[in-house]
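Per-chain residue numbering starts at 1, and chain names A, B, C and D are given in the order in which the chains are listed.
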Amino acid sequence: MIGGGIGAFIGDAHRRASRICNDYEFVGGVFDVDYEKSKEFASQQGLDLKRCYESVESLINGELALPAGERIEMVSIVTPNYLHHPFARMLLENNFHVMCEKPMTMTVEEAIELEHLVRKNKLTFALTHTYTGYPMVRQMRELIASGALGTIQRIDAQYYQGWVNSIIHGAGSRITGVWRFDPKQSGASSCMGDIGVHAFNLIEYTTGLEIRQVLSDLNPVKEGFQLDLDGTVMLRFDKELKGVIRSCQVATGEENNLTIAVYGSKASLKWGQENPNYLYMLSDSEPVKVFKPAHGYNTEFAEKSHTMPCGHPEGIYEAVANIYKGMAKSIRGEAFNPGEFPTVHDGVRGMKFIHAVVNSNKNGNTWVTI
Amino acid sequence: MIGGGIGAFIGDAHRRASRICNDYEFVGGVFDVDYEKSKEFASQQGLDLKRCYESVESLINGELALPAGERIEMVSIVTPNYLHHPFARMLLENNFHVMCEKPMTMTVEEAIELEHLVRKNKLTFALTHTYTGYPMVRQMRELIASGALGTIQRIDAQYYQGWVNSIIHGAGSRITGVWRFDPKQSGASSCMGDIGVHAFNLIEYTTGLEIRQVLSDLNPVKEGFQLDLDGTVMLRFDKELKGVIRSCQVATGEENNLTIAVYGSKASLKWGQENPNYLYMLSDSEPVKVFKPAHGYNTEFAEKSHTMPCGHPEGIYEAVANIYKGMAKSIRGEAFNPGEFPTVHDGVRGMKFIHAVVNSNKNGNTWVTI
Amino acid sequence: MIGGGIGAFIGDAHRRASRICNDYEFVGGVFDVDYEKSKEFASQQGLDLKRCYESVESLINGELALPAGERIEMVSIVTPNYLHHPFARMLLENNFHVMCEKPMTMTVEEAIELEHLVRKNKLTFALTHTYTGYPMVRQMRELIASGALGTIQRIDAQYYQGWVNSIIHGAGSRITGVWRFDPKQSGASSCMGDIGVHAFNLIEYTTGLEIRQVLSDLNPVKEGFQLDLDGTVMLRFDKELKGVIRSCQVATGEENNLTIAVYGSKASLKWGQENPNYLYMLSDSEPVKVFKPAHGYNTEFAEKSHTMPCGHPEGIYEAVANIYKGMAKSIRGEAFNPGEFPTVHDGVRGMKFIHAVVNSNKNGNTWVTI
Amino acid sequence: MIGGGIGAFIGDAHRRASRICNDYEFVGGVFDVDYEKSKEFASQQGLDLKRCYESVESLINGELALPAGERIEMVSIVTPNYLHHPFARMLLENNFHVMCEKPMTMTVEEAIELEHLVRKNKLTFALTHTYTGYPMVRQMRELIASGALGTIQRIDAQYYQGWVNSIIHGAGSRITGVWRFDPKQSGASSCMGDIGVHAFNLIEYTTGLEIRQVLSDLNPVKEGFQLDLDGTVMLRFDKELKGVIRSCQVATGEENNLTIAVYGSKASLKWGQENPNYLYMLSDSEPVKVFKPAHGYNTEFAEKSHTMPCGHPEGIYEAVANIYKGMAKSIRGEAFNPGEFPTVHDGVRGMKFIHAVVNSNKNGNTWVTI
């Protein structure tokens, strides 16, 4: 693991998820830019301090010096955004599999470079588009693929949070994450780069369609902010299909209100992250149907994505664990469903989306092709 | 009443609502272009056939011939859209108060003309932006006016229906309403004119803010359709505030899913038409609060807008009845809350919105000032 | 109308509902024990003061003196409980149809007497078990009758309110309804008599089954109260079927939380009064199905019990109006569905239930046969 | 671990939860009565086969032979019910800490015996009343302890499942768990012993009150079944307080619908297991409040019982992990909140409840003191 030391929430989440999934052993990493803190963290975790490295370079060298069977096989990158690309590149060049937090890189070019490296070195690269790990999202994907919705007529996705609000209005004590508002560390966008891209990914994941063009209007909300904290993105797909992504980090009181609605000529599907075990199918002629995990009516892929019997709610860790599980299958050379983990290609798509959105806004709200 | 004869749903709804409100007596009208059908309807309703007129002209003449105290005071217009303006103009010119279905007219100019007439003749004109009659919408309006939300940072409204779907995909037997797809009868827009404008009105009603600019992308969805069945409208208010209206008539399985969310710096409010007795207040630091009718914590205006004790759900008829009630107060010269019924000015705003949306789409998705 | 004068909520509700239904004209009654107040109310309502009577006797005499066609046909009794029986008896003896608030009488014997009178004089008598007027309750009744649930295995009904709480804990200003705690005016039970009996009726209405035996535990909650404010009633039906009714008037914060769940061997149905337009069907092998009004999948009876298109919520007035509508059909000699309004027989069942519950509690919580 | 081998769901759940909690290492056990299967399972899990024992006796002997620091400290018992007591006794007698599935034993006497042993040997014993691990259940406990509800007036708990339905009606392929219907393996009760006791525990856990008396009516539902599949239990607490537990295993379509409602003189709290991150506070004078994890308004104990930021749903594994975490603190001698894990005393209470319920039913539905 790179990053994720003392006080880092996302690193802890990765470790918990990987333990649920039970295909990984946590043996070492670089946990902090401050080596002392990094070692303190390694001690707390009961790790062998020899594998608590000072830098990514020394991790690579140290591990490559070990016999193949004992070497770290896979590295999770959970650093601030601007470090994803350099660390991922180094690790991939040295034949480590990589799990990377999103957004994958700062620029589209960097993303494409990683995609090439992954292909060249035949490695497994997974991006934590966490929400694709939920059983009912997978059920949604397969219901759509089966044609249950007919022709898709409208797509609507939202990701609303409120946490930035407490920062920009002063009294807030939540200063974690403030690097997100610095373009140098965060990239071209805050709101779209951090959460809007999840809505983007969820649309492409569940429908199998590609978004062709975007027209965006972004809002920094507060004077002095360089990046967007709020925005709306109109979408155009092939054919006549249109849609919209709405994303906001100052939607007071919203927590992680990510939703998707896909409306088809025959039926529609609606899902929301905060109640992830409920998938709603609407039609004009039949009662609304509510799909839940652990039922024979679900597809095999959805059913393999949960472990509890029906009615025992599983949550976000189990979703991340499903992504770790898929990656483990890929590393071991086992068969896996293409929907089992987001790949480097999804990362490239995401970077293209973010930059297209930013450019549309810069150009005075015009259509930009992805 | 003009229109609303045999088989007309909306006319029946108006009559039921006016009976709940108990300030009106239904005495006559012009119920159908076919005079025989009109008379058949009048008989069914137990009306005096002398007051079942052949045309709006004959209604005006007939009623003006009666002594002032016996004369029809107020007329509800529930015809197809293109007849709203000519009938409303004639009635207003002859000093009848008018309740009119929306959209008020076909063009902005016609709308302004009616506004002038209403002012000149000192009449009461109400537009059935039905949803403003719900108690919790009125509570929302007054909570926002009181400053409970702080500075508004984001506004999001949606109106999704699915009923047109069954028409455009053939087998559907619901052919009522097909006049809506004919620009000559319906006006410049189907989806935005019929339902998007409700979302528009609800935003301005609850927040007291005016939308300054729109940028829209409309979708006829099916080849051969001249009007929009789906669309997204980006919104700009004064200052830094942005928002979005989403509206769709082919959102399969949606019924009348009108929602509004207003996000402020201190708190947020969310309301949905299909569960109209629940108003949600979100904040970053307190539990979500759910407001319901018939509680001492509501404002006086909200409390006067329902009649049942708490927990006995009131519905759409009661909302329309509230608008009839407000209009009755105005006609009788009693004091009323400016939020009690939508006026001709709201009708003008609505027409400006619809035309701005259509123009933005025509101009290649550019910003248009309202 | 008997009762329902100034400040009386339930009388107003009856009048609104009857106006929605549009089969009745409100012409007169006895509105208050204080004749002056009664006349004041009649003036407010614009009634002919000649038909504002001083007593039920004078109403009967006055109306019988009129020609048959002008005479009041039907009387709604909305007085405190202990007056239901004497007034209903007089009216029925004089051939007036009667709509009566529940509980129908104070004793089982009185109830049976009314049943005999109704049969003898061939009159229509309806009891306001309001909740049977909701479209989705009717759909539930017909789904069960169709065998959709298989063998019923468990029945669970609840009616929780909190309003008495504010009275017994002092500061409360809601003193309306305090006659309810006086056994002389209210009868043998407060909680079971006022609301538990609705749960009882809803079970028998929706399932078509008769409850054979009850075992109850009632709770006056506060010292000094003679009647129950809270209670649980175990139920036994024919065969192996068991169930339970829970009812409480001091369930703080509950409004009118009446729910019913019927569990069958094949499927189950759940409905709640506070969201009356949603009926949930559960099964072990299929997604949960949500039935709503205004869809082709409902039975004809359910569909005739609402008037709005789907997604426009109807509420409690519309439910009561459905009961008035059914009674009107019966009075006019038209065909009607036996589920269209609760009859005097339902009233007899209700009185038997209340007394059996009270006796079980008195006897030290033993089984009592209804 | 004792039990929990190939195909056993509950053992897997324990292992996942203990890995999330990260205070345990899984090193060995007795996983199946068939030693070959047990070893196969151990291999799959990557365990040292030397610590895959043939019997509980050999496990005890084997481990005691190891140096103290390497020895298994704690054993999870996840066998069928009738084996809980003998295995727990042996382990406790040999100074192993024990995590035990519920119901703790077959008889009250066995339960008391374990309680004595735990006290005598100063060991930590935890019972998996899983639901006490949810953050919002802990918040509920502390809100009640703080007096937020005033005097409690009514308590209502439910645990409904439908899974047994598919077994008793034949075609069902879910034959796992059938040992539950055999009194020799399962104990005196199926429905109350398996799930009703969770409702019992949740009441005592959240309110801090003790149930004094029960009166029950149990139902085997299907001829030939010896144990209850359905039942209602009336409750009496000290003072005037009453309540009810409803429990059913043939509530078709219900999954794990465990709910609790506690009504107080000032306010009420409602929680349901299937949406565990929502806690509702009702009052007569204020809007309904919805508490969720990860907010400053929660108590410290509730806040320490989740790890994700708000809006990222945690589920059942995280709840079980909280119980493992509490037990780990106790084993390590660290301070812990008395609500952090259910103790052997809770197990004794549970056994007393189950037997009182069964006896009340046997005695013809009379009150039995716990």
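Definition applied: a residue touches a chain if its C-beta (ideal position, glycine included) is under 8 Å from a C-beta of that chain, and two chains touch if they have at least 3 such contacts.
Every value quoted in this text rests on a predicted model; they were computed, and no experiment measured them.
Participant: Between A-C and B-C, which chain pair shares more contacting C-beta pairs?
Facilitator: B-C
Participant: Taking each chain's centre as the mean of its CA atoms, which one is most distant from subunit B?
Facilitator: Greatest centre separation from subunit B goes to chain D.
Participant: When the centre of a chain is set as the mean of its C-alpha atoms, what distance in Å lies between subunit A and subunit C?
Facilitator: About 54 Å, centre to centre.
Participant: Approximately how many whole Å separate the CA-defined centres of subunit A and subunit B?
Facilitator: Distance between chain centres: 42 Å.
Participant: Per the centroid of Cα atoms for each chain, what is the distance between subunit B and subunit C, given in Å?
Facilitator: Centre separation, subunit B to subunit C: 35 Å.
Participant: Name the residues of subunit B that each touch 2 or more other chains.
Facilitator: 163, 254, 281, 285, 288, 292
Participant: Quick one: label the inter-chain contact graph as line, ring, star, complete or other.
Facilitator: complete
Participant: Enumerate the contact residues on subunit C facing subunit B in the complex.
Facilitator: These residues of subunit C touch subunit B: 9, 12-13, 15-16, 19-20, 22, 161, 163, 254-257, 273-276, 292, 294, 307-318.
Participant: Under the touch definition given earlier, write down the residues of subunit C that touch subunit A in their complex.
Facilitator: Interface residues on the subunit C side: 281, 285-292, 295-297.
Participant: Spell out the residues on subunit B that touch subunit A in their complex, using ranges where they run on.
Facilitator: For this pair, the touching residues of subunit B are 149, 153-154, 156, 160, 162-163, 165-166, 169, 215, 217, 219-223, 230, 232, 234, 236, 240, 242, 244, 246, 248, 250-254, 261, 263-268, 281-285, 288, 365-367.
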